[in-house]
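A, B, C, D and E label the chains in the order they appear, each numbered from 1.
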Amino acid sequence: MTWVVDNLDLIGRLTVEHLRQSALPILLGLLLSIPLGWLAFRFRLTRGLMLTVVGLLYTIPSLALFALLPPLLGISFLSEINLVIALTIYAVAIMTRFVADALASVEPHVRQAADAVGYGAWRRFWQVDLPLAGPVVLAGLRVTAVSTISLCTVGILIGIDNLGYLFTNGYQRQIVAEILAGVVAVVVIALVIDRLLVVLGRALMPWAGKGA
Amino acid sequence: MIEFRSVTKTYPDGTDAVADFSLVVPAHTTTVLVGSSGSGKTTLLRMINRMVEPTSGSIEIDGEPIAQRDPVRLRRSIGYVLQNGGLLPHHRVIDNVATVLRLEGTPKQEAREKAAEVLDVVGLDRSLAQRYPSQLSGGQQQRVGVARALAADPNILLMDEPFGAVDPIVRAELQAETLRLQQELHKTVVFVTHDIDEAFLLGDQVVILSTGAQVAQVGSPSEIIENPADDFVASFIGTERGARALRTKHTDHGTVLVDGAGRTQGRLVESSS
Amino acid sequence: MIEFRSVTKTYPDGTDAVADFSLVVPAHTTTVLVGSSGSGKTTLLRMINRMVEPTSGSIEIDGEPIAQRDPVRLRRSIGYVLQNGGLLPHHRVIDNVATVLRLEGTPKQEAREKAAEVLDVVGLDRSLAQRYPSQLSGGQQQRVGVARALAADPNILLMDEPFGAVDPIVRAELQAETLRLQQELHKTVVFVTHDIDEAFLLGDQVVILSTGAQVAQVGSPSEIIENPADDFVASFIGTERGARALRTKHTDHGTVLVDGAGRTQGRLVESSS
Amino acid sequence: MDLFAEAIAWIFSTDTQSGSLPLSEAIATHLAFTVVSVLIAAVIAVPAGWLVGHTGRGREIAVGLSGAARAVPSFGLVLLLVLVFGVTHKVGASTTAFVLLAIPPILAGAYSGVEAVERRIVDGARAVGMTSSQVLGKVEIPLGLPLLIGGLRSATLQVVATVTLAGYVGSWGLGFYIVQGIQIRDFAQILGAALVIVVLAVLLDLLFALAERAVVPRGVRAGRDGR
Amino acid sequence: GGDSDPLEQDTGDSGEDTASDTIVVGSQAYYSNEIIAEIYAQALEADGFTVERNFSIGQRDAYMPALENGEVQVIPEYTGNLLQYFDPETTATSAEDVYAELANAVPESLAVLEQSPATDQDSYNVTADFAESEGLTSIGDLAGIDGLTVGGPAELEERPYGPQGLADVYGVDVAFEATGDTTVQDLVAGTVDVANVFSADPRIQTEDLVTLEDPEGLFLASNVVPLVGADVVEDVAAVIDPVSAALTPEGLVDLNVQSTEEQRSSEDIAADWLAENGLA
């Protein structure tokens, strides 16, 4: 434990880096998955295609994806963009399915009621379908946030500093406390973000009771 | 006045929900469509606001074919009450009621004031206005559904088994309320139910449907009970059995009416001959 | 005979579902518990086969307190028909009916033969035996539910709104079937409904309940209609309004009965004075 | 696209079949890690999940633990456990990490499968006189199987992708090629190994998709098809 | 960046539009290398430079492109391994020869500063017990022992001094086992018989390992040497050359001990070392 006390500033610095690196993919994942999820929800043809592609993306080992993006996209190997893109791909892979399920979870009779009172298609999507899909989208966002934060650590293997640094560095130096500190820090920030999302969800969707 | 002219509806999967249906729904009265499950009642109702498009035939409102009207605008001009309310769970009661007004572009404040007045009309306390639908009882939700349908003051009101999901006592209350409202507002109401008692209670004109929306009989409740068109109608309304074929029986507490099995079904309050 | 002695049930969340309820259910007759939603009907019924344990008080079957009996064996000795059937979706109709026999250790073949006979009793074609419940109509599923309850030939049959989910025509059919069965089998039946007409149709004894399973009135249908105990009962059974307070009216087609609003509610078939 | 051609060439080159870790052995060890981890996780999580679903007790704990476990970075966990267990137990340490990874989805599949059985069906089963264990064994488990298999499926897919990390601590699994490839900048090797993993994942997924169908009880499926 | 002006690439400023006194210091993903990088960084800072750290980048193959295009401007390197990277066919083995050849081998955009006396080169090690029972002193003594396994990082398999080199140069046949970052532990635990360890690894002493002699020069001498962008040589040489001069082989081992045994952070180790040597 003395290691942790002696290196609080290092842990703090890496935590900030870590959060910064995970935030963008989580956000991008949410934004991109809404149109994709809608496509998967709306048309039978795109549904099969979309869910297959998304399923395949998820099976690509993170390590390989991180390493392959630079040659495939022509980005520098050291660039954080690699990590952001790779994590965004996983986030989209998780979120698309959730968004499709979320839209499907909107009760048909509510949807029909909206039609019946005279919502146009576009307006209905933004004012009825999407808000009502909110609770399930939020559930997906929570899964995405937690897994992105956890997956982000693998970035250290392509030279991007974050809490994953504590894993490889601690492993080389044989310092159990260092690795443990990294694992705990990742779990803690993941759970804190998760709680924050729940609180945010309550604030944005006061109508969704606890059970919903 | 709403007129169905030889309307047919075959769903894409081949179900013939409505086959060659014609009917005139007079203005400012209540027409009840009654029939058992799957007889095509909902399909008929939804064709009026173009939620369902007829396969052939046409529907006219006050002589104008609705096929030429913009569906979204048409729907805003017609009130629709769904079974289970069909309220938007993420909008407060007041905003649910104000929905159509807002869609029509009424400023928020004005729409809310109007909506609050409509809550009074349907007998809902204004203190409920800020709640979400899930915080109301089933009966209250139904009233909100009615209020929403009335808010933009449409001429036509469509009601699809609006009281099917509430318990019998609340149901009786809502039925009474509906009768009262109609006496005040004189809308053209098309009401769907599979409860023949409800049909006779609320309908000025009752349309009894069999499968495929075949009209078994149209008429006022009295006409139908007094003169059922055929065996199907007779059995549907129950004149031949149970509660509708009664004999009198004199007891200490006055004359009661008993069915074929000798079970008491009602009391004879006064003889008008 | 089933006897409730000062039975109380408070659920863990504090809901007082049943408060000090006492009742004698005579053997070989049908007792109907009727009351609006939440009045505690289901709770009462489920206490008879110990699906729910009373908080205080006791229930006796033929003089023996059920608290001393093993709940699982007790349940196997009592038939229970649930709303919506509650059938096992992954077992064929025949095996659903044979469930209790199999649980009791009857060999498979024998249990199936017995089950097939019971299908005849409830009027289900044997050709349906190999289907799964989801391949049957709602009415057929209800019959399977009844068959399952009857298969082990119990003395007591509990029925919890068994016909609540089927449409009115099938419902009338099932009610008639139930009357016929009871004339043949003479079980001790406890039947729960919130439909007062169904209660009067099926019940030898009708128990009208208000919230907390308070007994508003107990008696035969005739006794209750002829002499409602209080305003609550009167309004519940509707003697004061609508369909139960009738006047006669003479028409070309004979004498009909009309309600306060002049709407025809039935026909007078013959005057027995 | 050149890279893809090179990657395919890498997969089928004779060097890949020999070397210190022949491709066939890498596939075998990769699969072994996956199957063993998922099996161990299933032995732990399935009974626990059934119990949680059946009794409704411990649900909060199960949900909470699964949530926390999902947040644990597998990469850190593998390294941590190798240090804690000692280098002679790298296989055990890695397997433990993968088991922990696989438990949450399997647990969730098991309890949600049981919970998803409609209350009235369970009620009916109890009412006709099934004992508590008969209700679990004859009703809840068979009707909950599809969701359980779904849980096993997502656990397996996660593990098969994550076993790659074992390549960082030793010469096994397809991850070895990726770790080595990163150090020597051999992108064809990285992509080749990744493609093999994806193919394995797709095959496993297919297997589970078939299993998922097979375990849907006949009557339940009949109802679905009928609609 | 869409800017592809080759001249600008050469100036090394293309990566970022930095002020001339901002220096990007990189390091390998290896704690010992990171300490040296930290020493460079702090020394530069003491001299008024603004330093950006880009540490634990990975292996040579990972960071070399970044150095060549100017994203990273200074990184601690090792002469022998670096020469082998640029010229795999090299035959130089002595420290002087290696350094001389290296100066010619680096691409134009890069330069090496003065090399340090401190060395940290690959070496093959066995346990003392094994060395004694088999009578081992030199790599060549391994020839003829059956069933040997050599452990090292995954990439050792592909290096010139890897299993292939052992066979070609010494006629030693070994199987290869990737032991990642736990090579020493694996050797001690007996999972492997021969371990590829850096010569400055303190565990050679603490774990009582025997480093096998390399008379045929399988490994090149590998002294610590700063690899820098050609455009910043002028700026940084004055600061880093004294650091290189002060860093001794024993001193390097000591730095490593402070990191692994005493678990001190590289900042603290570097700060103390600079202070002790009067460099900051």
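Following the convention adopted for this analysis, contacts are C-beta pairs under 8 Å (C-beta built on N, C-alpha and C of every residue); 3 or more make two chains touch, one makes a residue touch a chain.
As the structure is a prediction and not an experimental result, all values here were calculated from the model.
The chains in contact with chain A and with chain C alike are B, D.
Centroid distances built from C-alpha atoms place E farthest away from chain B. Look at where the CA atoms of chain C average out and do the same for chain D: the two points lie 49 Å apart.
Here the CA centre of chain B is 85 Å from the CA centre of chain E. Centre-to-centre, using mean CA coordinates, chain D is 40 Å away from chain E. Mean C-alpha position of chain C lies 87 Å from that of chain E.
Within chain D, the positions touching two or more other chains are listed as 82, 167-168, 179, 182.
Residues of chain E in contact with at least two other chains: 58, 62, 180, 182, 185. Those residues of chain A in touch with two or more other chains are numbered 157-158, 168, 171, 174.
Under the touch rule stated earlier, the contacting chain pairs are A-B, A-D, A-E, B-C, C-D, D-E.
Contacts from chain A toward chain D in the complex involve residues 55-56, 58-65, 67-68, 71-72, 143, 146-147, 149-151, 153-154, 157-158, 163-164, 166-168, 170-171, 174, 176, 179-180, 182-183, 186-187, 190-191, 194. Residues 19-21, 82, 86-88, 90, 167-171, 176, 179-180, 182-185 of chain D are the ones touching chain E in the complex.
Considering their complex, residues 2-3, 6-7, 10, 76-78, 156-159, 161, 165, 168-169, 171-175, 177-178 of chain A touch chain E.
Those residues of chain E that touch chain D in the complex are listed here as 58-59, 61-62, 153-155, 157-158, 163, 175-180, 182, 185-186, 189-191. Taken together, the chain C residues at the contact with chain B in this complex read 36-37, 167-169, 172, 194-197, 200-201, 221-222, 224-227, 236, 238-239, 242-253, 256-258, 262-273.
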